[in-house]
């Protein structure tokens, strides 16, 4: 009997270890998405603004990690971690940390199936993702330190509050709002904050001309943009795959596998959708739109990657690719200048992803999905615009005209990204 | 007794979960190889053809995933999955998917050791790899949409048929043909299709001059080519390591570890071999040849990564590095214009890999290896040349001369990869 | 009873498999760091020296793997592997390899918890890391083949000897010297060898002017440098996370999770520290210093990632970021020309990391830490300077002035990294 | 005929082209150059080491014109390129001995 | 002495160099320039926004020659650079007051 | 006025600028050019195929000066740019018919 209990405890331990390992690997893939956003954005801006977008991306990641540790995590999961991270602050050593992670008794008692610190790791990389969405949209014209200030507020408060509504057990969760891995909580959140930023900032100089003219401002390095997209694609296996949160039994393992397949197929569908519509409309395979299409497929499937069949996921992606194309063209008509397509990819495809959940998940209702969508957009947009306006009327959000003309790199970073290559412009 | 059964089932579950997780992680690494091919090829073409090679690579990945799901997988594994993926098409929801994946009973009964969907994921990234090999070889002169058409046919039919012969349980498998992870089924297959494409297309304008002159057409971005190679190297751990298909017991785990070590050593050997021979012959450490050497080592070990010792793997790699060097020089003498060395790396080293298996695997025979090699080359080359010729006499495969001179980027994609850097050429 | 034993053996097997798999995945992440160093260094040198730094990085990786297999591993772990790798050399086939890895009896007997080959894989990627540190520091002026000769000696002998002192069970281990994942054994080792190399080589021409003038020699491609840093950040999860060496029970899994979190927080802290001090001192967010800051945080936490709390790790990183900034400025005053900041990042932050261990680990003593630090620096610096001097007085270590002016790429590699972009300089 | 060479601020290039086109001159050749003059460059900072980038990117335009409209072209360039701030640039005029249109072999004023 | 400046299509550069070399002139200086003329540029499309790249890459070559061979050099350039299509370019000739070979200090026709 | 155009080795640019500045001339326009001359280029090797890069990067500097100091400027350039090795470059001098400072509209020697 005792031997049986011992064996059972050992199995518990291995299962716990497997789930923890799985969460850590998936989290590392999500961390890798930060590199994806960085490369994507660096590829889609002009050379003269590249060093600054790089600085923004690495800087925001660091700020997001620190603010979420200091404050955001406790707001988002008030009960979950029993304030442990907060309490960690009171000591420098590890004593308390060890004390707060799960022990075998908790595991065997069914109270825990993975390390709390692994959970924190998986959560902290998500908040960085949300913030990364903003940086691309406001690129090439925003003051570096105003951006960082906003990043601190978003990751400390704005994101965690709406994250709590759904994943922390808040009212959206209780209403049955379905958002498996964060089409809404992460992507739409980021896009809403980005839209607020763009509205406060205004378009880049020269982007829109008189008489409704839309001028192209080509990204300077498309191999980087492509690399960034493929990094994001890879990282998304962690983003969605890890959101199952458990792999150590047959059912969960099957779910994770389905999530991997559907994530991949939705991206493929999105890419193809955007490529076909670009071909039909422009007559050309516009690479930047195609990359946005793949990302739109990924964002759309994120709300429910275990719902559809692989074929269904492909279709969801295809439609997302089409939508993102239309959105890119339309936002330009509305003179909303989004250099990397963040609003279209994360906002439009994010909303579509939330609303299409009921098609493959019988438990979800369109009404609740819409409500959740509105709550997220409302909260994030309103608070963000408040912060952006506060920044605008104090330190300012936009660089002056000459800096914008000469490139923010020289003024904010004091160096150039490609000192030997760039031609005068 | 019942407790024992329960415990046993729990162990089954954890083992199943571990194997599934392992396959998914390995599959994600193979997916990452798509980024490797993209960067490698983008680095080895000229700036004016870079956006198009990027488009080809992301596009072919999407097409490969979709065609293989729709058709290729069922051809390659007719029994295995009991037509489940096909049946998935009949429904949009997940019901059927859930029904077709394994349940605990199947697992405990020994009928299944990992998720079927994880298997599909691992397979689908392989077919994309095979197709990626083609894109580099036909770079800088092929029409985008003809390429995509070929990609659809290869991934839907050509690859799966010969894949079935070996991995689907077909006649090569029954004859005892040894090809552990696909030196033949994946790499030689891709190279054969590429060779057919090159023969139909002809060399890039200006590559060969009168009197046997071979002109250099330098790749425009060697850091990208190097990055691509290192991405492939990393991804290859998944490619070979995952092909053990099981890790959850001591023996399998040891095998996977040996595969990792041998894969790494063969790449190191290949790199060193190519570097030394380039040094001896050219007097220079030609980076592009060195990178090809590492890849040749990887391709060569792929046919049997559990056969040789780590030292043996290093030697196999060294020889592959030498062969790839000779092949690159010789193909140019034959006026076969392969901008990235795909035929040399995947074709020549692939054949060598197949033929060297008997040296470290007593169960393999040189005759059968040769037979398998010929079957693969024969089938893929003949069908491919048929498709290429059909394309040539209908929509055409080669861009017109002016497009080639100005770069395919402007004509196919409507944009430039490096609009601010490129100098007129 | 027998059933119980069988079940227990199966659990042993799954645990062994999980630990092996974990080590292999972590090792693959460390291998990926080689790509990180390559991109970082390629981004921080001038265009005309880029192909050569790429060649150096891939070449040194291959050389490190081969030399460590042939000789280094046996020196570092004389007992551990019972000479198995050496014995592997006597056969080409796998028989002996299979014989030397662990069997179930050894596992159940508690003698082994992961595959010996997985251990070799994890070790071999570490030695490559150490050597990668050197390449950046001596960039833009060293002869390629002298560098490779040094690489062979460092990875075959110099690194393994001091590695034995700590991880092979040598005297530093017995004294209680604490260096969890290698702030000293790997990073300080690499930095000491690099410093010796720089002193023998001298600064790049034009770096220092008369009257104490320090001239800037800007890196040519900051997106690559940023990508490299993020690759290293990701890889470091493997570097530190894998160094727990076991994950298959609750306690180990918690440790690994803590290591992941602390590694991430230290990097974030380092980045922020460097960014703030650069902002305060220069008035600009110098991206290259910020990237060095993140790496410094990573190096510093490497000595003890399970000691501090996440908050503590952030603080350790912050201080490292500050130190690295001061070190960069100071080394330039001392006219020690380190193009990528390797001495500051791996040397200064490595020493700091070793010395700060007692603050979060009660078992460690400052005295022993200092002793270990001195032993490592002493051994590596003295032997390295010997090798460098021997090379200098035989084949020479420094390229001639004209080669340096025209760029080492043309002379060593015979090609250019960016043939279409680079402007004359 | 005259060869008019002007060194101007790059962002004024489009304005200058339009101004010349109004006079009926459509052929222009533009070179990216570095200008050193009274206008100062900027200071960059790289890893703590200051360095001055003391050249400024300028556009150098060449227009070959018949003698009778040279004056008007010079005025048009002046008008379009002026910002009134230091660094606006210079115009240099040289005598053109001959001009040939390669395609047709035409020479003289008909060729420009 | 004459300074002959020609704006040609870049892919004709090698032919032109060879043609001049046959006359015995080996020194040439080449600049990459952007040409605006009657030949039209192309339209690119980026994320749905059209934009016209209306300049064309051209090579600008300068050759200083003694008066007696100027005519032959001009003819050689014309012959080698002509495709007969629009955009073939122009040749401009100016009087050279002096020429100096820096290495030796030689001046006049001996220097070119 | 004279327009002095010199083709020099790029790494001599700073020396030349300083030498000219000492005479009191501060305005210079520099173009990156490719030079073909008696100095040979280098051979590169790419995947086994040799190719000759037969042009050499050179800096082309233009300085417009008043007649009276033209001689001194030429000498200064010669002195600063000379290495005595092949490829040191050439100086070409043409007569300048007119010069205009765009900012102020000044013309003649006052403008250069």
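As written, the chains take the letters A, B, C, D, E and F, and residue 1 is the first residue of each chain.
Quick note on the criterion: a residue touches a chain if its C-beta (ideal position, glycine included) is under 8 Å from a C-beta of that chain, and two chains touch if they have at least 3 such contacts.
As the structure is a computational prediction, the values presented were derived from the model and not from experiment.
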- Note on the structure: When each step joins two chains that touch, the fewest steps from chain B to chain D total 2
- By label, the chains that touch chain A as well as chain E are B, D
- Query: Looking at B-F and A-D, which one has the bigger number of contacting C-beta pairs?
  - Reply: B-F
- Task: Would you mind working out whether chain E and chain F touch using mostly the same residue numbers, over half shared, or mostly different ones?
- Result: different
- Message: Can you work out the whole-Å distance between the CA centroids of chain C and chain F?
- Response: 48
- Message: Distance between chain D and chain F based on Cα centroids, please, to the nearest Å.
- Response: 18
- Inter-chain centre distance, chain C versus chain D - centres from mean C-alpha coordinates, in Å: 53
- Using CA atom averages as chain centres, what separation in Å is found between chain B and chain C? 31
- What parts of chain D, by residue number, touch at least two of the other chains? 31-32, 44-46, 58, 94-95
- Please list all residues of chain A that touch 2 or more other chains. 4, 7, 11, 14, 18, 25, 218, 221, 227, 282, 284, 286, 288, 414-416, 418, 421, 423, 425
- Task: So, with touch as defined above, which chain pairs make the list?
- Result: A-B, A-C, A-D, A-E, B-C, B-E, B-F, C-D, C-F, D-E, D-F, E-F
- So in the complex, which bits of chain C are touching chain D? 214-219, 282, 284, 286, 288-289, 328-329, 332, 341
- Message: Considering only the defined contacts, which chain B positions touch chain A in the complex?
- Response: 3-4, 7, 10-14, 16-18, 20-21, 23-25, 27-28, 31-32, 34-35, 38-39, 42-43, 50-52, 54-55, 57-59, 61-63, 65-66, 69-70, 85, 88-89, 91-94, 96-98, 101-104, 107, 114-118, 120-121, 124, 144-145, 221, 224, 227, 412-421
- Query: Which positions of chain F touch chain C when the two form their complex?
  - Reply: 10-11, 32, 42, 44-46, 57-59
- Please name which positions on chain B make contact with chain C in the complex. 4, 7-8, 11, 14-15, 18, 22, 25, 29, 46-47, 218-223, 226-227, 229-231, 233-234, 237, 241, 247-250, 252-254, 256-258, 260-261, 264-265, 267-269, 271-272, 275, 279, 282-288, 290-291, 294, 306-312, 314-315, 359-360, 418, 421-423, 425
- Query: Inside the complex, what are the residues of chain A that reach chain D?
  - Reply: 405, 410, 414-416, 423-425
